[in-house]
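Just below sit the structures, each encoded as structure tokens.
Okay, so chain A shows up in both of these, paired with chain B first and chain C after.
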Partner chain A sequence: MTATLSAAPAFMAGMAEAYAAVPEGPQWLAAARAAALASFETQGAPTSRREDWRFTPIEAIASISYRCAGRPERRGAGAGKALCPLAFHQIVLENGRLSRERSVLSGLPKGVTVQGMAEALADSPDALRAFLEKVPKGLPFAALAAGLFRDGVFIRLGRGVRLDRPIHILESSAPDASRGPAMAHLRSLIVLEPGAEAEVVEESLGEPGAPFWSNALIEVELGENSGLKHYRLQREAHEGVRSLATLVRVGRHARYESHVFTLGGALVRKDLRVTLDGEGAHCVLNGLSLQHGREIVDHHTLVSHEAIGGTTRQLYKAVLDEKSRFVFDGLIAVRPGAQKTDAQVYNRNLLLSEDASVNTNPEFKIYADDVSCKHGGTIGQLSPEALFYLRSRGIGEGEARRLLVYAFGSEMVERVKLEPLRVALAAALRARMPEAAEAA
Partner chain B sequence: MLKIKGLHATVGGKAILKGLDLEVKAGAVHAIMGPNGSGKSTLSYVLAGREGYAVTEGSATYQGADLLAMAPEVRAREGVFLAFQYPVEIPGVSNKYFLKAAYNAQRKHRGEPEMDAGAFLKFIKEKAKLVEMDPSFLNRSVNEGFSGGEKKRNEILQLAVLEPKLALLDETDSGLDIDALKIVANGINKLRHPARAVVLVTHYQRLLDYIVPDFVHVLSGGRIVKSGGKELALQLEKEGYGWIEDQSGTARVTV
Partner chain C sequence: MANQDLKELADREYKYGFKSEIETDQVPRGLNEETVRLISKKKEEPAFMLAWRLKAYKHWLGMTEPTWAAVHYPKIDYQNVIYYSAPKAKKKLNSMDEVDPEIRATFEKLGIPLEEQKMLSNVAVDAVFDSVSVATTFRKTLAEAGVIFCSFSDAVKEYPELLEKYLGSVVPYTDNFFATLNSAVFSDGSFCYIPKGVKCPMELSTYFRINAKDTGQFERTLIVADEGASVSYLEGCTAPMRDENQLHAAVVELVAMGDASIKYSTIQNWYPGDKNGKGGIYNFVTKRGKCAGARSKISWTQVETGSAITWKYPSCILLGDESVGEFYSVALANHYQQADTGTKMIHIGKNTKSTIISKGISAGHGQNAYRGQVRIAKSAVGARNYSQCDSLLLGDECGAHTFPSLEVKNTSATVEHEASTSKIGEDQLFYLRQRGLSAEDAVGMIVNGFCKQVFNELPLEFAVEAHKLMNISLEGSVG
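Moving on, here comes the complex of A and B:
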């Protein structure tokens, strides 16, 4: 089966080639890929005319002819730069493909599978069929990923299994031999069977040298009473682009906790959709974005309360310097019958420059009558009163600014309970103190 | 220690201080009293270096140097301390960390080694006793969620830690019940020292029952219009500010 990809923006040029290079697989997968690409075709590449892309200029993608990334030119690109401590189980992807030599997966407990997606498809395609046959709706880039992925990560924990240590997924991207603009499409899947518990640190790390577009689709399936803590660290190179769609289904009394730290990239677009479809399902969504230059970060989140007694706690923060831009669209939909829903969505932004901008839209759509829902969005600057107060105690102006910016961001770091990671993030937060904070 | 001569200052283009003179010597406690709008808080902020307070004329000399030319943090490191009328809440910065940063900035300025975290913790726990503050407040964010009295006590704790040469206390008694007032006054009295000067800015005489000043000045219309000993405060308490203003020829202000 084939799908045709009509040429539109420059970035479409490499798509036919990418499709031709897709590895052979079972018939059902070929059909799923074609269906996904057809879905992309129907929607077209996102433009500012689309409601959900209105504030996010995609020139960084649309104006560049990306080609499928080869192996990194330099071996071990990004090695040693990961924020996440090394003592965890580790699976490494380089330019969208599994690196066996860099992955450390010996010693996984019984009942735990951690594999590259290509490998998993070769081993047991039928186990994946129910998941990979689905085509994500309303997400054009996720549809592209579903059509064009070569690899990704597959994690499965059997019933009641608890991981001894977190799993670290490192996705590194670096210039290949062509040193031209390169792209990688990935598809990953995390399945926790009932009662299983895991911590997964997903870290995306870009090396400078050429524009790199990493486009990923991740699905998370949480069975009854299971719990996933999902830490996501993101540091692209300054010309790097990342589009990422995460689709999560949370079962009865299961818990999904997400912590997203965005620490760099020309354009970062993240779509997170969480469906709470079992009674008492719970999700916590935390986010912190630290931006400078002309970086654009866009978070679109949608939490759908579909069953009784679900809870959502969402707080995203952004610190914006220079000409950066942050977009937050956080919708919580409470479906009919989702009584006793208890949901909160907040977005707080700190502007350090007059040229930085924020579009924030925390929102509810409620179709049930016995619910507690709170939301709020704020955009502020460093408080002159607080700055003067600190200076009046002998603390220099630059240090006072850094202290206040750090205090704003550290709230999100403090929520990370995984201690070595929290320490690394605190250091990263300090290291990424905005330039404007140096004015003294 | 502090010599203010003919000080004029404007806030948002409006003249507030109009030729203020004041001299403060080491070891003395001065009280500056005056009705609302007389320029008391403006004087405090001008001396501490707050933005938006423009000095248009006159001078303030501190230990022989031009105080007004110094950045706020330099004034603080040189030993000037302002206890705020409305202390600022700073979420996310622990009181302990804040105090340590302030203390070490001062030590560094003097060319002394910084104090490490362990030694500092011991040091501030002792200081906290002075203002009868529960040590748990040291771990909380600066002033966040503190009651009015707790905020004022926290100001005095900072005063005790930084041991300034010149302490300016802006309406430190406002919003305090009598017990809190005693604790705060007691904290200040313990810090009285021959090498330290204290300037209390206050509307009411009440605080002066607990901290007995050496000098009392009346600020009205942006100038010191009368100076005297502690008995002047009692007279003001009895008779209000009206007679002072009539005498000085400025417009009468009701209090």
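Moving on, here comes the complex of A and C:
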């Protein structure tokens, strides 16, 4: 197997080494890793010839050979730069591995587990077996993560437990410039037992230095009547590449709310698959991407309505400047029998530059009749009338543009109900504005 | 709603299922270079046509059948198809009276009274019976205006220079599996040329009809509107009941020069198979228009109620500045029909505009997919697109799918896409029923209302037919 892994494009070169470095674990885990890698090999590394990777120029990184990331040289990389307020429960991963000293997990209420995945596997491997034995289908990089992960985060809330404060997961990457391009594979798991409620802020932060590729697989399991608010902020470094697959299963009357803010990264590919498999399951998917330079952000979302009365509300927005590109592929699948499904998917894009581009595919596959499904996509630019209106009221052109772009993006920020986070996000949004305005 | 009604309606059979016995002249089953040469020879084509067909055939050998569409069908054996079939050559006819009475009787049954249309509706009909034009009316009237409207085989002989210039200029022989196959073996079709500044004095119309058993129908239509010209073209079809699936791979090419406009309307009612999904036409069509000049316009309107499988994406290449592309479609999939249809709007010129209105109706076990693409090239400054795709579901075993793709590479573009999927509201049905309408009429009324935006685009005669067709095709799906 290792031989085949190394035969792939350059960015696959370090995979054999990564596989060799995988920590020892229980027998079943070794088998699961092997199965995941076998599944990756059957699929092959994605290329833009594959329909679901058509607009993701994966070739851009194909010539970079990544090595496994070591521990960061400097202690506390990215410290103080996190957007998320400090008062939360915090678990920190540095270059894909748990940093005990920076994590603050002492005040966790009873019935709540927050651990590094490696730790959790050492403590109670059997509790994880049912989850980690699953191999994700049709997601090559997720299969790779399942085969090669060294660490990750494990969160579990017992029946009916409500968290007092949100949990902040900080993933910082600080590649060592002298060692060259680095990568980390992660696998995380969030389990909410029936009736539990939590807010999780997942923040990834890249330091410049060398190209860093972070490849993660996250599974979320929501029991009956549970609720998860999942906030995800991402600011990779200039050369940062991130591939992230999130698989969510939403149980009966459970609620999943995801807010994805993408504020940087050379190539970002996010696959989000939500399965609403209990009656009345509900999901809200919000996203905002602010891009400039040559940044590429690709969101593939799939919401599968498998039971009666599921609802989906999805809105993804993107602001594109310079030569950036945004890809949105949002599929709503309604399985036979999933009657009373109510789904709405919207993607709205604002182009600020002649060279930016957008590909958007909101899609339906519907096999039930008593449903109400809507989707929409728009691509446009700042309205000259609105600009004129502001200018006629004495606001300079640059400022007027900033105002309008901010207004477009702030709709997504407003949806964040966690106040300290909302304030920080609004500030981050403003900080991204001037560049956008000048180039336009 | 009374299930009894539903069942009754569902069981109603294809109205136009009959077949007329006419002697036909066929080439042997199967496809090889010899078949292509034979077809070309039978049609007495000039050398450039044969060369073109052979290039297409050779290219086709290296192609694989596309599998991306959301349609499923048993593998087609391309060697088990008869690629050419023509009613036995008869002497040239001067009037309708000389047409084979059986063929005429067939047209009568279909409700296409050639003579009546000649007098009453002022429509010139180029009736294609199987693969060869049998009768062309109004040719003289058109000739006075300078409009050329004739069968493809006549055009090859009479206007080879026009054909050589425009054939394959929109859909090249390398385009796709089915279009390439068509390029190699197409038997006949219509050719239409509207000279500069001429507004075609009447609506042009062709009725296609598949007849001889096991005959693939490979039509090719080419319409060229020169600068400032305009034309409205109607295409409609019905086909008789058949057990074995029949292959239909047509190509339609439209060319609109500066300030020209072409309106192409289709009612497609090929045999859809029986209520168990047995039989029916496989309809793999490549339709594309090129707005070559500034301010040109191409408008596609289609009502797709037939065929077991519909694979069809009428498209517009908006090359000229300020050119306009439109696509209005109603697609219905009942029983076991599968429709994968939509459009491509490719914006290249400045200030180009396109509108897409697609209405999909799924009933029974029908599967209906809208697949569209809007591409705004970097050069398309100020391009605009509006797309709307609505799906209506009648019954819980059918499916409605939407696959739009928007690609924008120019910041001054405005692109909007909206889609919705739902079933007929109980409250709407209740409202109509309590006012004394039967369940069937109520559904018919709601569905026709749902399709109104598209029907409004059809020429009057077609709009009436479309209403009726919709009601007939919906039979059995009320729910």
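Quick notes on this one:
By our rule, the second predicted complex is superposed on the first by the 427 of 440 C-alpha atoms of A that agree within 3 Å, B and C clash if a C-alpha of one lies under 4 Å from a C-alpha of the other, contacts with A are read in each partner's own complex, and residues count from 1 in each chain.
Note that in this section a contact is a pair of C-beta atoms (placed from the backbone, for glycine too) under 8 Å apart; a residue touches a chain by one contact, two chains touch by 3 or more.
Model, not experiment: these values are computed from the prediction.
In the superposed pair of complexes, A:F408 makes contact with chain B only, with no contact to chain C. Of the two partner chains placed around the shared chain by superposition, neither chain B nor chain C is touched by A:P109.
In the superposition on chain A, A:E385 makes contact with chain B only, while chain C stays out of contact range. Applying the stated contact rule after C-alpha superposition, one finds that A:G396 touches chain B and leaves chain C untouched.
Of the two partner chains placed by superposition, only chain C is touched by A:E354; chain B is not. Comparing chain B with chain C, more residues of chain A are touched by C. In the superposition on chain A, no residue of chain A contacts both chain B and chain C.
Against chain B, the residues of chain A that register as touching in their complex are 383-386, 388-397, 399-400, 403-404, 406-408, 410-411. Residue ranges on chain C touching chain A, taken from their complex, read 68, 376, 378, 391, 393-423, 479. Listing the residues of chain B that touch chain A in their complex gives 48-51, 71-73, 75-77, 81-82, 84, 87-93, 98, 101-102, 105-106, 109, 141, 158, 162. The residues of chain A lying in touch with chain C in their complex are 51, 336-337, 339, 349, 351-354, 356-381.
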